[in-house]
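Below you'll find the structures, each written out as structure tokens.
First chain A sits with chain B, and in the next complex the same chain sits with chain C.
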Partner chain A sequence: MEIRQETINHVAVLSLEGRLDASSARDIKEKVSSLSRENRINLVIDMAGVDFIDSSGLGSLVSSLRTVNKLGGDIKISALQDQVRAVFELTRLHRIFGIYDDSTAAAMRF
Partner chain B sequence: MDHKRITFIIESDMQNAPLIGMSVNRLCLAAAFSTIEAFNIELCVVEAITNSIRHCYGGKVGHEVKVVLTFTKADIVLDICDIGPPMERDLLDRAVIQCPVGDNDNIESIAEGGRGLAIIKEIMDSVVYRSEGGENCLTLRKKLPVKEET
Partner chain C sequence: MPEITSPARMAHLERLIQFVARHAETAHFPTQRIREIELAVEEILVNIFSYAYPDTTGDVSLTCRVEDDLRLVLEISDTGTPFNILNVPAPNVAAGIYERQVGGLGVFFVKKMADEAHYRRDGDRNILMLIFGRHRHGAEGQEHAGGVQE
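Let's look at the complex of A and B:
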């Protein structure tokens, strides 16, 4: 899993590339923890490059949301591929995360 | 022969789960499952393999996970097998998709894990677990797509 970071509208945008599963779940948790220690707690996770997600990957996003939420922040998700969006809907987690078509639209919602 | 069968064996390393997942996906596409159905079946296989590695083998490498894929005339059948302590007896029965409440005040009440079996039950037509002689197998079954008459 590759994680690229940029800033849009003063919001950190993490663009993921690859599979978000049991072998990569820790990467995203560690990245969000690291950002939260710098008080960067409003984040967009751009998933345009994620072609597979499983329950471990979803768990890493829930864990990351908890981390920033405790500090008053939020995570918004952008650019889900159709199959990945279907997994969010299957597990009802689309009700918890704000989901947007692209990272700019997501960043502008903070 | 009515059945076509292939057996995959991987070492119990999470990095290996996609090898079988992606192979199963391609075989499902070849069997005329749609892209989304093939993805979903891949997801179920990966969830089952992850459960085996995490719960039966405690996340440790050096053990084997076996996946047997069988195409019958009507179904795709996947047996995901490990050798070790069996899954808790009623875990499969209790697995359901939780419905989170949609506001940030309740984030702490949302479980980080424990969705794997519920996802499998939601997607597959049948899910059966058995443990015999030290081997545990989760058997997943999905009806093949109906071929359209030409």
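Let's look at the complex of A and C:
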């Protein structure tokens, strides 16, 4: 999985590319932990490039949200593809994460 | 029936999933349904890779057939620790962020995506049979519907 980082509206935006699954879940958790140590706790995770997510991938997002929530931050999610959106809805994570059409819209909500 | 056997290791995951996906593609299952089948197969395989052989290494075997272009019938077997994955309790997906279990969603997905799921222990083998129709039950009204009945 490739993780690209940029800043929009002073918010770190992580753009993921590839499958967010058992083999890549740790990458995202480590990236969010690393950012939180720099006190970057308001994040957008852009999923436009993610065409597949499994339970491990979801677990990494939940775990990352807990990490930043404890520090007073938040994670917003943008640009879900169909398979990923279906999985979010099945597990009702769309009610826990703020979901936005694109990363700019998500970053502007902080 | 077409069969593939491979060491139960993550390095072989994609090849095993592709084996199943090819059968669904050949039968012209909708793309979204193929992604759902891949998700279920992935969850089962990762579980086997992670837990079936705690003190040793072993194989996993898949057999797959499509009946009348309507139902994909898949059997996943291993010779690891006896374990009926279908007995894993359903997670509470209505829980808030701090009450949620981070794990446990894999079997939930399997039960949601498959029309039928049957486990049996045959000699030294765990055998899980999963049956997928061309469309997921209740996919239209998603949040509370579909899949294997509890």
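In the analysis below, the second predicted complex is superposed on the first by the 110 of 110 C-alpha atoms of A that agree within 3 Å, B and C clash if a C-alpha of one lies under 4 Å from a C-alpha of the other, contacts with A are read in each partner's own complex, and residues count from 1 in each chain.
Quick note on the criterion: contacts are C-beta pairs under 8 Å (C-beta built on N, C-alpha and C of every residue); 3 or more make two chains touch, one makes a residue touch a chain.
In this text the structure is predicted, and so the values were computed from the model without any measurement.
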First (chain B), second (chain C), both or neither: which does A:108 touch? neither
Identify the partner contact of A:58: answer first if only chain B is touched, second if only chain C is, both if each is, neither if none is. both
Which partner does A:89 reach: the first (chain B), the second (chain C), both, or neither? second
After lining up the shared chain so the two structures overlap, which partner does A:71 touch, if you call chain B first and chain C second: first, second, both or neither? neither
Would you sort A:22 into first (chain B), second (chain C), both or neither based on which partner it touches? both
List the residues of chain A that touch chain B in one complex and chain C in the other. 21-23, 52, 54-56, 58-59, 62-63, 65-66, 69, 82-83, 86-87, 90-92, 96
In the complex, go through chain B and note every residue touching chain A. 14-15, 17-18, 21, 35-36, 39-40, 42-43, 46-47, 50, 53-54, 97-102, 104, 107-108, 110-116, 118-119, 122-123
Chain A partner contacts - residues on chain C that touch it in the complex: 10, 13, 32, 35-36, 38-39, 42-43, 46, 93-94, 96-98, 100, 102-106, 108-109, 112, 142-143
Contact residues on chain A for chain B in the complex? 19, 21-23, 52, 54-56, 58-59, 62-63, 65-66, 69, 74, 82-83, 86-87, 90-93, 95-96
In their shared complex, chain C is touched by residues of chain A numbered 21-23, 51-52, 54-56, 58-59, 62-63, 65-66, 69, 82-83, 86-87, 89-92, 96
